[in-house]
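To start, I am sharing the structure in question, which I have written as structure tokens.
The first chain written gets the first letter, and so on, giving A, B and C; residue counts start at 1 in each chain.
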Amino acid sequence: MTNDKTAEQNMLHRMIVDFTTNELAPLDMKIDQLGDYPDGLFQKVIDNGLLGMTLPRQYGGAGFDYVATAQAINAMAFGNASMAVTLEGHFKTLEQLLKYGQPELLEKYLPTATKRIFAFSQTESSGGSNPKGISTRAVKQGDNWVITGDKIMITNGGLAQVYCVLAKTEDDQMAVFLVDQDMPGFSFGKREDFIGLRGTPVGEIVMDHIKVPGYHLLGSIGQGLEIGNNAHDDARVLMGAVLAGIMQHELKIAVDYAKQRKALDTPLYELQTIQEKITDIAIAKQNTELLYQHGAELKVAGEPYSKVAAMAKSYGSRSAVSSGDKALQVLAGYGYSREYPIEHLIRDARAMEIAEGTVEKMNTEISLKEVNK
Amino acid sequence: MNNEIWVFVQLNGQNVEPTSLQLITKARDIAGDRPVVALVAETESMNVEATVKEYGPDKMVILKDDQFHNASDGEIADALDQVVTDLKPNSLLFPATVLGRSVAPRLQAKLKTGLTADCLDIYFDGDDLVQVKPTYGDDIMCEIICPDVRPQMATIRPNTFKAVKAATDTETVNYSFTFHPEANIEVVSETPVINSAANISDAKTVIALGRGANNEKVIAKAEKLAGKLGGMVGVSRPLTDNEGFSHENQIGQSGNTIAPDLLINFGISGAVQYAVGIENAKQIVSINTDAKAPIFDKSDYAFVGDADEFMSALLDQVR
Amino acid sequence: MKIVVCIKQVPNTDTVKIDPKTNNLVRSNVEGIINSFDRNAIEAALELRQQAGGTITLLSMGPDSYITSLRDGLAMGADSAILLSSRKFGGADTLATAYVLSEAIKKIGDVDLILFGRQSVDADTGQVGPIVAEDLQLPQVTFAESLELQDNNQLTGHRLLDNVVQEVKVKLPAVITVRSEMNSPRYETPLNIQKSFEKEITIWSENELAVDPTQIGQAGSPTVVKRIFSPEKAGRQTQMLPNNAKDAVAQLLADLNN
């Protein structure tokens, strides 16, 4: 693998660093306290064309590949993980549309994806990401489908205007359909009050006999699980990038403090116990970077990337939580204070031990891939 | 060609810009046997010669014309070009003020000579004026010379040197020249500004209050003092809990990093978290009752004593 | 309106180090970016183009690596870019740099407005704009913090001098140097970044310009760098003020006023 970035990637990266430094990082603490994005902030993300980063040029997007996009998400997460996850949710959904969507659907919807968030929803109250327990129904009516059901814990739920939902057909086959918030029968449910990534809205949608044209079906009937899994893989690569960004933030806080603070007359960074913590964080951050970049490169190259994507998120989420704990210990009392961002970085990282498949679920997937080689 | 060092005397309204006087003193210090000449361009009614003379130039070259009122950079450069081309000084120094940094390069272009910007030091090495200037922030210094062309020109950063009065017999030369108005530009008006910033990170003067200055009386006086100095009040972490202060006013690692020209700390002990936020302040004055407070190590001026008393004295004495 | 914005590429760092062996600045491995004040100049040009129509050409003198920042300016929205690049231009000081820029502006022809950032953040001179103004015999408004189009051939600008704001009216063509207070430069959007790579960047050497060989590069530069060094970082020398508050303040004010 290579770290050579193209000139386009370099410029995108610098632009995201500038945007993050000026617009997001100063609001990082505020977003956590507010539990939302301050007024106008998300509009800036739209106005600066960030929603169209991955979208092909023919639909009005910039057409950056997943390697460049993952690096951009990583740079953004260093300043604010919530907004990075909001973009992750949008990009992974667009990937499924591009891969499985019918031309008529793409022509109709993708040109709006530079201004509107698209979300992917699988989870229902009957059970986590496990598709077996899906009770959302899709009933065929002539050329149309009628969708009824309730989806919860959707990343960007409430903020997104377009949703790809996993449903069961009458003959118990899984399929994914696209619904639009403007369609009759669509309504929003409640927003979750989560402890971390508090800027990213996570919410519920209720579908009451929403009628969609036949071309709103992604892929074919029976392909729903495959699409769901593929969405997981695409999400996990980008979440690896988010986690590496969080760890970079944790590392910076710990290093800055260790350089300034003295214990008696010895600078903190000269103490071996502190050096150990800094080293652990630095190695975990570097490993997660290598994992998510490798995952993105495999995807771009058309190679299988599911396992590496799961590794990036499994390893990355656990490491970001434990690295946050180590950074907290370096800062001691200040680390434990809400005035410093470490406590919210730990809460942010914690979300990714659960979302897009729990660590346990991913570890099962990874180990089965090793066993069944 | 002669061996004179010329200093351009900048005027702000009716007054002499202080850097010009600092440069006369510095020029005298490095001159050896080179005459120091003050170059004044003023309107007929103005008379800054008396002030300039107090700092001991050997000669003053005076250009008088009413059109210097609201003159453009190009007009000033044109007038200076006439006298410099004619009298051929060895060196020519400008204050690195906005005006100095605008007029000097235009003149440089006419004279086809070198110009070094924003110098922090100058000295002679033989006939070469060695111009010491910072680059990449102030972390790296360059020594620049202009070996083959005269005059050697430099702009010098304000307040780098002290102006010291000196008694000398000063010769005064009224130089006759022609003021050439520039057709396509007009200075419409000049309005004085009071330096005020909306954000503490940009404030030029900051009055900072800490635990040792946490009472209503001192806070009220600090606001008044900030108003007088055109500055802002900042606080260390403990005071962010007071009504009227917030994170926006906080200085330090978890607050704002500031870089004012003048920072006055009242009752601040100087913990690391605070100190990192003030490293870029130019002048730091600290007032604390504890002579061992770490803030004093980070300060240019230290007063061990009561914050309220010092504040009152400042309010009395600052005009 | 035909606008030229002169930009400089600077290292993206505040900590440039000196190689202890060669005594040269270590610049390799540091990526180049547009000098931040020049971004304000580009933004000013974009806003004027929006009002008055016209074209924006970016102009820079430097090695081929400066294409990075020209490309960046194109991504902000400029129409075209010209790089003045030649070994013969190397080692130029402000006088020689401004001379080549001026000759390029003459070659571009019929330029109404030439914008610069107020100064570069590395060399910090702010001289190139005024020298170009002099070379082209144009009026200048330096350190402008606002710029308004009066009609198609006149601008009103405000310059922040040390303690006065000067209002200046200037007829075009003119040279303006821009302070960061004037505007907030826009971001390159991902799409505009991609589009910027579809635009051609023109490269001119001394062969394309009517330049006098004695006025370019090192030959045309009167100044010489004699020495580069890192100054010792002096800690603050703390001066104790008298114990009496009145005397202390008196001494402090006397010192500060000097």
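Here is the rule we go by: contacts are C-beta pairs under 8 Å (C-beta built on N, C-alpha and C of every residue); 3 or more make two chains touch, one makes a residue touch a chain.
All of these numbers come straight from a predicted model, not from anything done at the bench.
Taken together, the touching pairs cover every possible pairing of the chains.
If each chain is reduced to the average of its C-alpha atoms, the one that sits nearest the average of all protein C-alpha atoms is C. Comparing mean CA positions across the assembly, the chain most remote from chain B is A.
Averaging C-alpha coordinates per chain places the centre of chain B 22 Å away from that of chain C.
Here the spacing of chain A and chain C, counted between their Cα centres, is 40 Å. Averaged Cα coordinates give chain A a centre that lies 52 Å from the centre of chain B.
Within the complex, the chain A residues that touch chain C are 7-8, 10-12, 14-15, 18-19, 48-50, 52-53, 57, 60-64.
Across the complex, chain B meets chain C through its residues 12-13, 17, 72-74, 77, 97-99, 101-106, 108-110, 112-118, 130, 133-149, 158, 162-163, 182-193, 195, 262, 283-285, 296-306, 309-310, 312-314, 316-318. Interface of chain C with chain B (complex): residues 11, 14-16, 18, 25, 93-95, 98, 119, 122-131, 133-135, 138-143, 156, 159-171, 174, 221-231, 235-241, 243, 245-246, 248-250, 252-253, 255-256, 258.
Taken in their complex, chain A has these residues touching chain B: 256, 260-262, 334, 339-340. On chain C, the positions that touch chain A within their shared complex are 12, 31, 33, 68, 71-72, 75, 187-194, 196-197.
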